[in-house]
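The following blocks contain the structures, represented as structure tokens.
One chain, chain A, appears in both complexes that follow, with chain B as partner in the first and chain C in the second.
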Partner chain A sequence: MLILSLALRNARRNTLRSLLTGGMIMFGVALLTCGMAWTKGAFGGILEKASNVMGPVRIVMPEFAKKEQLMPLEDNIADVGPILTAVKATPGVVGAWARIQMPVTLTVGDDIGEHFALVQGADPEWFQRAIDLEHHVTSGRMFKVDDDASGQCAGGHHGRPPIEAVLGVAAAEAVGAKLGDDLILDGQTQDGSISAVKVKIVGLSELGSSAQNKFVYVSLATLQCMADIPGGATEVLIYGKTLDDAGDVANALKANPAMAKFTISPWNDRPPFNSIAGIIGALATIAVGVIVFITALGVLNTMLMSVMERTAEIGVMRAMGIGRLQTVVLFVVEAMGIAALGGVAGATLGAVVAYYGLEVHGVNLGNAVNKMPPGLALDAVIHGDWEPYMFFQAFGLGLVMAIVGSALPAVRASRIEPVEAMRSRR
Partner chain B sequence: MKTLLPAILAFALAPLRVLVVLVAAIVGVGHARAATPTVAELLAKIDTNMTYDTRESYITMRVTKADRVKEYKMHSYGRGQDEAAIEYLAPSRDEGTKMLKSKDELWMWLPSVEKTQKISGHMLRQGLMGSDMSYEDMMDAAKWQTMYSGVVSGEDSVDGRKCWKVELTATSADVSYPKRTIWVDESAYIPVKQELYALSGTLLKTWTMSDIRTVGNRQFPFKMTVVDEVQTGSMTELIFDSVTFAIPLQDEVFSTRWLER
Partner chain C sequence: MSTDPNGQAGQTPLCELQGVTKNYPMGDLVVQALRGVSVKVYAGEFTAFAGPSGSGKSTVLNCIGCLDRPTAGKVYVEGQDVATLSDGALGVVRAKRIGFIFQSFNLIPVLTAFENVELALRLSGAPTAGQKERVEEALRSVGLADYMKRRPAQLSGGQQQRVAIARALVKTPALIIADEPTANLDSKNGAAILDLMRSMNADNGTTFLFSTHDPMVMERARRIVRLSDGSVVGDERHDGAVQAASPSHVGA
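Up next is the complex of A and B:
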């Protein structure tokens, strides 16, 4: 109790120095709070969004997995019906959809142009689940699946209804297409034959990500026809209740003998996620370490000054019977008292900035998002994600900063010999 | 005595045999030297067989990739070096697809989109309908005399046919295959085997021609096989079901009007 009251008295005695120490802790804790909210919001959001698009769990043919950068149509799952039935009966699976993704050139006029795009063909339900496409259609509407049209490559003539498509705004701008235009998608079949589909643009989508704004979205049946994979698909994407369930769902699927010939992988086992998750974790740890270290250095500086100024006083206290350990505790408690106040202030300040600045307002990355690969589609505005636990986590780290920063001065104080201290008259 | 007679005869005739062999060798070498054609002569004879003023043919193209085989039926027309037209008759998903080559431009009519589209530039060198033959391979009828020069490097045999082996180098930069090694049948003057190389020296394709028949006053291979040496497991066979040369062809066949007809 004596030590505690002495520590508090010392903290009050040099207000400026205590304010300096507390200010540093406050700044460090606020920075940590913002950093944690940013990491969770930005990187967590990217991972969740990208893994949703690429499928938390995915089934493909082994050859497809080996060269998936080339989007090999020939390495397809010839009949996805039985696979989807088996997958949906697997515990933990809440949804499964087949998808084909392929490169095409977009043509509005006569020339097969140089406007390349990716076309995704899937059930509208998948587009809703993965990218909430309907709500991102800024003009027009979501495409409808018409069995009379989408199951064939020809639509819109000879009395047939047109095949409908939603076009990303960047692709529309590049090719000079507008709502209601006929757009020709020139691609290939799984055998490499040239294959074309004429679609009617019924909606233009703005997903905030430049990569996804270059996509064309059509029904699965349309691409099954275009790629000449009737009843098949290149990928089956599977969703559990949460992203964290992916590993368990993948293991349950792998246990099914009917799935033995496929490559089944959760999102975090596939590139680029398998390397990115580790990199993000390492970067976050390094950032936290640097902030704690720099703040602790500031605390060390002020506490060291305190020890030097109070050498004579420490000598007297030591002469009066205060032991070395008690001396150490005295300085550490003093630093922790200041850190507690600074930590509360810093965590509060950090929470306000993280919530209103990063989470509500967000940070606009501008053109930087255009350099991201399609698999890591980024929104132009990145939002942080502040959670209450971050307040306590940052506060706790503030106390750690105080302990680390005050340890050396406290040990130095405990080594002061009473006679020498009183002789120094400081 | 019976056993000695052959030995005595062999001994007596040995100088004569040596003489006969020497004479044959001298005459043979002299004959071979005289008969070795120049590259220009060989290319001229190949061009006589392989190029045409007009040509109409029905072709079956079989594309094998790993364990998947796809067969196409085509009706093809050609006029001179710069004009060619193909209409696909089968399979059903490609029926009605038409291609028209005019100089460096390729026009395509796809029934599914009911639109004529122009393919140009690098796309001309891509595989025709997923085959190992490019659009240029299939539709180009340019004379080799104007495109290549080279040397006759010797004689060889391909599938029992005596051939001249010729190393060819393109004389201009806009040729699909800057280097070719060809084996020219000595009697038919058909390049029964070709190795097609990139400028770097990488072997791209091996092209063989067989089932050589007489059509009019020329020799023509009714079967061609192209093996992609870069993408393993891929092979294309081109079988001419019928071929007719020097027939009158209407101008309309080589117009975009024909595509949309």
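Up next is the complex of A and C:
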């Protein structure tokens, strides 16, 4: 205990130097806290939003999975009704919706459209769940579904109400469409025949990224009709209670023999998530490593000076019989004592900045979000997510900085020969 | 043959150097600090190793005190050849059997007088029970009963050296090595410190070995071993009787 007490008292010997060391650790720990909160908030948010759009668990035909970038309509699930019923009965599933997504050209008026867009067809409930579309309709309203699905292709004719659609503001600007206009979607059926549908623009939507603002949103029935997939869909998107449940839900579905002919995958097994998670993990590890290394270098510098100044004193203690290991402990504990104070200060400072600066206020990325892939739906303002465990994690890393930084000086101190005590004549 | 003016026939020396040589490399050169020094020290001695700077007196004490190893020759402490011991074993010998008093006092500045003495006792492996009493007794014996809670910076030079003496004494070592203990003290304090050590030697039989060129120390020493250029050139008793060192020990 006396050795530990001595170590902690040594930490107070050179106040300025200890403050400098503690300050470096404080800065490093605060930076780590903010980094952790930012990573969790920004990347966690991206993953959550994107996986919501792409489905935490997804059922498709195997051929669709192989070439999904081409959005092959011919590789569809012909009859989704029984599939949805079976999926909803699976433990852990809280919601499941069918979806069709396909490329189209947009036409307003008599000219054949030159503007490409993606059209998504699904139940309004899914749009609500995945992108909260209703609240992002900035003018007009959310589309309504004609209960008579058989008439979706013929909306607006023979006394039927028109087919309704919500159009992203960027797409509307590109084709010169406005609220209330008729818009012709030129696409194709599952067998490759040309297919066109006229819709009425009942709402204009503005989401976080410009990619999403080029989308057209319609009912599933509209695209079933347009693609000639009556009662079918290209994808079934399944939701558990949380994203973390996706693996369990996928496994439960795979255990159902009726699902054997489908490809069932949780979000993190599909591109781009399967590579993004690894990249995020690697980047975070590198960032933590760099911060710990740089801070440890600062600790090493000041502790080395400390050892050099105390050569005679260490020699005296070695002469009195203190062992090499005890000498190492003496200096490592001294550094840890300083790190404990710096760590608490840094974790507190980091928590304040991370919570009020990153989580509450957020960081506006501006146009940078528009460079993200369409599937990765991002808001321009990214918010951090500070959690209490980060305080302790960053504090622990502060102690690691101290141990790493003081290891070399401590070993150097332990190699001081006792005879140095005799040479210390002032 | 070694220098042995006391001639305590039949008694085993407390420590003994046999033909000790110590070389220090300095760049391309090798400096010979000791050149075949042989000397015996018996329990209860109050001996000064004297000589000018560079004569080798501190090196002799370093070897006896297990702080340094000889390049050649043997060093016995309580009959054990310490030159062959490992670093760890040497540390144990130092912690348990040898006390040190340094020219610059070398107290730990962040510890109180009590704690400085206590640290030495703890490192010696003494039983925990009774440690407090032993520390207090050691400080009382050097006249610092009222200064136990003071830190070195709150003590005068003389008082600091007294703490250092208490630190060396508290573990009841076989011998105490004092490296120019009065060099940083004024004459009054220096004399007081020497008298204190002399009385401990007389009363308790504690063996003291000094390195010094201070006449005040040599006046009080009961034996003076003189060194020059790494060799013993004289070994005299307190009454001034000089026994010349054998030729083999006088220089190389």
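Note that in this section the second predicted complex is superposed on the first by the 415 of 426 C-alpha atoms of A that agree within 3 Å, B and C clash if a C-alpha of one lies under 4 Å from a C-alpha of the other, contacts with A are read in each partner's own complex, and residues count from 1 in each chain.
Simple rule for what comes next: a contact is a pair of C-beta atoms (placed from the backbone, for glycine too) under 8 Å apart; a residue touches a chain by one contact, two chains touch by 3 or more.
Computed from a predicted structure; not experimentally measured.
Q: So, does A:Leu133 touch the first partner chain B, the second partner chain C, both, or neither?
A: neither
Q: Let me test your reading of the model: by the given contact rule, A:Gly192 touches which partner, first (chain B), second (chain C), both or neither?
A: First partner only, chain B.
Q: Would you sort A:Val419 into first (chain B), second (chain C), both or neither based on which partner it touches?
A: Touch partner of A:Val419: chain C, not chain B.
Q: Of the two partner chains, chain B (first) and chain C (second), which one does A:Leu6 touch, if any: first, second, both, or neither?
A: Touch status of A:Leu6: second partner only.
Q: Tell me the contact category for A:Glu313 with respect to chain B and chain C: first, second, both or neither.
A: second
Q: Figure out whether A:Gly323 sits in contact with chain B (first) or chain C (second), or with both, or with neither.
A: Only chain C is touched by A:Gly323; chain B is not.
Q: Within their complex, state which residues of chain C touch chain A.
A: Touching chain A: residues 58, 61-62, 65-68, 87-88, 91-92, 94-96, 100, 102-104, 106, 108-111, 115, 118-120, 122-124, 167, 179-180, 183-184 of chain C.
Q: Can you list the residues on chain A that touch chain B in the complex?
A: 74, 107, 110-112, 152-154, 157, 184, 186, 188-189, 191-198, 228
Q: For chain B, which residues are in contact with chain A within the complex?
A: Contact set of chain B toward chain A: 63, 65-66, 68, 70, 93-94, 97, 108, 110-120, 123, 127, 129-131.
Q: Could you list, by residue number, the parts of chain A that touch chain C in their complex?
A: Spelled out, the residues of chain A in touch with chain C are 2, 6, 9-10, 12-13, 312-313, 316-324, 417-419, 421-422, 424-426.
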